[in-house]
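Multiple structures follow.
First subunit A sits with subunit B, and in the next complex the same chain sits with subunit C.
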Partner chain A sequence: MNTLTLYFRREWQLMFRNTSSLIQPLTFFIIIALLFPFSLPAENALLQRIGGGVIWVSAVLATLLSLESMFHSDYHDGTLEQMLIHPRSLPLAMLGKALAHWTATGLVLSLFSPVLCLTFNIPSDQIWVLFAGLLLGTPSLTLIGAIGAALTVTLRRGGVLIAIIILPLYIPILIFGAGMLTQATQGLDVTSQLYALAAILTLALTLSPFAIAGALRVTIN
Partner chain B sequence: MVLINSVFCKTKVNLTLMPSTQAISAKNLSCTRGDKLLFENLNFSIVSGECLHVTGENGSGKTSLLRIIAGINRSETGELVWNNENALVNLSFFAACAYIAHKDGLKNELTAIENLRYYQQLESNNSNSDQNEEALDEALDRLKILQCADLSAQQLSFGQRRRLAFARLLVSNFSLWILDEPFTGIDKNGRALIEELCVEHLEKGGVIILTHHQSLIDSPINAYRKELKLSELDGS
Partner chain C sequence: MNPFTSIWTFLSTTYHRLGSPREFYRISRYVTPVFGFLFLTLSALGAYFGLFVAPADYQQGDAFRILFVHVPVAWMSLFVYVVMAVAGAIGLIWRMKMAFVVTICSAPIGAAFTALALLTGSIWGKPIWGTYWVWDARLTSELILLFLYFGIMAVYYAFEERKTAEKAAALLSVVGVVIVPIIHYSVEWWSSLHQGVTVFAEGGPKMPPSMLLPLAFMAVGFMFFYGYALFLTMRNRVLINERKSKWVRALAMGESI
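Let's turn to the complex of A and B:
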C-alpha cells in the first residue's frame, strides 16, 4: 500500500474510533457562526453583508481548534518517532495525515456551510460561491496550520502559539475567500478569487508536506 | 549465508533471510542536553550476532545514544556507519532498523491486532492477506497475547502492551533491533520470552543494541553481549 493511502486510511480509522475529533470542530463552527445573528440587529441586509465573513472566520477558528490535537497523541504514544525513522517518505505521510484531517474538519464544515448561509439570509445563488470558496480554502487552512501544529507539538499548551504563528498566514486565504462573496453580492465575476485560492492550495499541497516534515524533525530532535 | 539453527526453526514467523553480515559502528559521537555534556568521543563497533549492552547511571545518556543511533536525534559530532556507509543518509539502514522505546507507538483506539497490522503494512510489500493475517496471529501467539488480539490497546496491561510492541519485531524483517529498557514492566515469563527472541535474532545474524540498568550476566543474551559503559561527565 502506498504511503499516502496508508496514512490517510489510518487517520480515518483513528478519527472514527474517536468521534469527538469529528464532532468538536463542526459544533464549534456552528456555534460561533450562530452567535452573530443572535447578537446583531435583526436586519436582513446587515446579516447578508457580514454572513460570508462570519462563516469564513468561524471556519478558520474551527480549523485552528482542531489543529492542536493533530500530532498530539502521535507524539505522546511514540507513533511520531516511529514515523520519523521509517524509510517511507515523511512528507507523503504528512500529506496523507493532513488530507484525512481536512476531510474530517474542513470538508465537513464546507458541506455544512449552505445550512448556515440560510441563517444569514444569503441568497441561494451566492451560496455556491461561499461553498466553492470554502472547498478550495479549507484544505490550505489545514495544510498551513499543520506546520504550526508540528512546530508546537512538544509544548504543553501549544494552541495559542499555533494561532499566533498561523493566523497571519491565513489572512490571504480569508481575503480571497470572504472577498468572493462580496464580489458575488455586487454581481461581479469571482473567477479571479477562485484562481487565487486554487493557487494557494497548489502551493500548500506541494510545499506544506515538506515544511511539516521538517518542522517535526527539528521539534522532536 | 545465514545460520539457521534449531532455535530459529521453532518459529514460523518472519522467515525472510537477512544478508550474511551486518555491521554498525559509531565514531566520535557526542551528545549535549541543554548545558550538560552527556557523552563525547564515543566509539563502538558490532557485527552480526552481537549485542551491544549500553550501561550507565540514570541521566548518563543511554536513551539519548539510542535515539541518535535510531536517527531520531542527531549527534553533534562524528558519524554512524552501517555496512560501510553513513547510516543516517542511507534508507537501507532505516529499513533495517527497529526502535522499541518507552513510548510503545501503539494507538489506544485500535485493537492489538489492528496496531500490529499497521506496522506490518508499513514494512511489508506482501499483498497476500491470508499470509499476512497468519503472520500477525503467529506473532501475537508467540508473545502469548493472542487472546488479547481483539482488545483495544487501552484495555491491555502495561506488560501486555510491551509484548505487543515486541510482536512488531516478528512481523517484519529488521536486522538491527534498538531496544530501550526492553524488560521494564514485563513479568518473569515475558522477560524469558523476549530474551529468547533476542537470542534467535542474534543467531540468525541480527544485531541488537539495548539499554538495561541491571546486569545481563545471568541472561542468555550474555553470550553475545558487548558492554558499552557510559560514565557521567562533568562537562558543561
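Let's turn to the complex of A and C:
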C-alpha cells in the first residue's frame, strides 16, 4: 500500500473509533453560526445578506479548533517520532493525514452548510454557490492550518498561537469564498472566484505537505 | 588573477566571515555608525527638501508632505519582510547561525515600519479621504502584514529552546512570503480606494522632480535606518546568543577582540 493511502486509512480508523472527533467540529460550527442571529436584529433581510459570511467565518473557526488536536495524540504516544525516522516520505504521509482530517471536518461542514443556509433564508441557487466554495476552500484551510499545528505541536499552550499565526493566512480564502456569495446575490458570474479558490487549493496541496514535514522536523528533535 | 575571480573571492570570504558571530561583532562595530550617519544626513536632506523646497500639491495642499515619510516606510515594510524571509531560507538551507539572527532581529523593525505606515496613512486619510480608516485593499493587506510580523515574533518567543525557536520563526517567514502576494492580490481585487502606482508607473514617474527628490532621499535614508537598527539589535542578540563563548567572556572582562 502506498504511503498516502496508508496514512489516510490509519487516520480514518482512529477517527471512527473516537467519534467525538467527528461530532465536535460540526457542533461547534453550527453553534457559532447560530450565535449571530441571536446577537443581531432578527430581520430576515439582514440575516440573508450576512448569512454567507457568517457560515464562512464559522467554518474557519471550526477548522481552527480541530487543528490543535491534529498531531496531539500522535506526538504524545511517540508515533510522530516514528513517522519522522521512518524511510517513507514524510510529506506524502502528512498529505494523507491532512486529507483524512479534512474529510472529518471541512467535508462534513460543507455537507451540512445547506441546512444552515436554510435557517438564514439564503435562496437555493446561492446555496449551491456557497456549497461549492466551501468544498474548494476548506481543504486549503486544513492544509495551511496543519503547518501551524505542526509548528506548535510541542508547546503546551499552542491553541492561541495557532490562531495568531494561521488566521492572517486564511484571509484570501475567506475573501474569495465569501466574495463569491456577494457576487451571486448581485446576479454576477462567480467562476473567477471559483478559479482563485481552486488555484489556492492547488498551491496548498503541492506546497504545504513539505512545509508541514519541515515544521515537524524543526520542532521535534 | 582575473578580476571577476578576485571580486568573487572577496565576496565569498566576506560572506563567510559575516557568518561567524565573532567576526560580525567585530566588523559591525565600524559599519553601524556609518549607517547611522548616512541615515541622519539623507533623512535630514529629505526632510528639508520635502518641507521647504517641494511645492504644495494643487489638490491636497501641505497635507501631502506626510507622504515623504509614509511612502518610504510602506516600501520598507515589504522590503524588510523579503529580507527576513530570504534570511530565514538561507538559515534553514545552509544552517547559517547569523541568517537566523537577521530574521529574528528584522521582525520587530519590520513591524514598526508597518505600524508607522498605517499610522501616517490614517493621519493623512482624515483630511483627504475624510476618514481615518477604510477597508481598502492596501490598508487591509498592510494590516495583515502587521499580524504576520506579530505571528513570527510570537512563534519565536513561544519556544524555550533558542535553536528550535529560530528555525520555527524562519519557516513561518518563508511560508508567509508565498502567501503575501496572494493576500495582496486577493484584497486588491476585493476593493480599492488607495492611489495607484505613481512612482514606478509605466512611462516614468507621475511626479515632478521637486517632489521626487525628497522622496528618494527619504527612501534611501530609511534603508540605512533599517541597516542601522538591524545591526544594533543584531549586535545585542549575538552577545546574548554567544554569552557562553570565550570571546564574549573576554569582552565582558574588558578585553578587546
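The criterion applied here is as follows: the second predicted complex is superposed on the first by the 221 of 221 C-alpha atoms of A that agree within 3 Å, B and C clash if a C-alpha of one lies under 4 Å from a C-alpha of the other, contacts with A are read in each partner's own complex, and residues count from 1 in each chain.
Keep this in mind: contacts are C-beta pairs under 8 Å (C-beta built on N, C-alpha and C of every residue); 3 or more make two chains touch, one makes a residue touch a chain.
Please read these numbers as outputs of a predicted model, since none were measured by experiment.
A.B. asks: First (subunit B), second (subunit C), both or neither: which does A:Arg10 touch?
C.D. replies: The answer is first: A:Arg10 touches subunit B but not subunit C.
A.B. asks: In the superposed arrangement, does A:Pro87 touch subunit B (first), subunit C (second), both or neither?
C.D. replies: A:Pro87 sits against subunit B, while subunit C stays out of touch.
A.B. asks: I want to verify the contact counts: of subunit B and subunit C, which reaches more residues of subunit A?
C.D. replies: Between subunit B and subunit C, the winner on subunit A residue contacts is C.
A.B. asks: For A:Asp77, select first, second, both or neither according to whether it touches subunit B, subunit C, the two together, or no partner.
C.D. replies: first
A.B. asks: By the touch definition at the top of the document, which applies to A:Asn221: first (subunit B), second (subunit C), both, or neither?
C.D. replies: Touch partners of A:Asn221: subunit B and subunit C.
A.B. asks: Counting only touches as set out at the top, which of subunit B and subunit C does A:Asn18 meet: first, second, both, neither?
C.D. replies: first
A.B. asks: Once chain A of both complexes is superposed, is A:Gln48 in touch with subunit B (first), subunit C (second), both, or neither?
C.D. replies: neither
A.B. asks: Of the residues on subunit A, which ones does subunit B touch that subunit C also touches?
C.D. replies: Subunit A residues touching both partners: 221.
A.B. asks: Any idea which subunit C residues touch subunit A in the complex?
C.D. replies: Going through subunit C, the ones touching subunit A are 92, 144, 147-148, 150-152, 154-155, 158-159, 164, 167-168, 171-172, 174-176, 178-179, 182-183, 186-187, 190.
A.B. asks: Which subunit B residues qualify as touching subunit A in the complex?
C.D. replies: 70-74, 91-92, 94-95, 97, 99, 101-110, 114, 118-119, 121-122
A.B. asks: Using the touch definition from the top, list the residues of subunit A that touch subunit C in their complex.
C.D. replies: Contact set of subunit A toward subunit C: 144, 147, 151-152, 154-155, 158, 161, 164-165, 167-169, 171-172, 175-176, 179, 196, 200, 203, 207, 211, 214-215, 218-219, 221.
A.B. asks: Flag every residue of subunit A that touches subunit B in the complex, lowest number first.
C.D. replies: Contacts found on subunit A: 1, 6, 10, 13-14, 17-18, 73, 76-79, 81-82, 84-88, 220-221.
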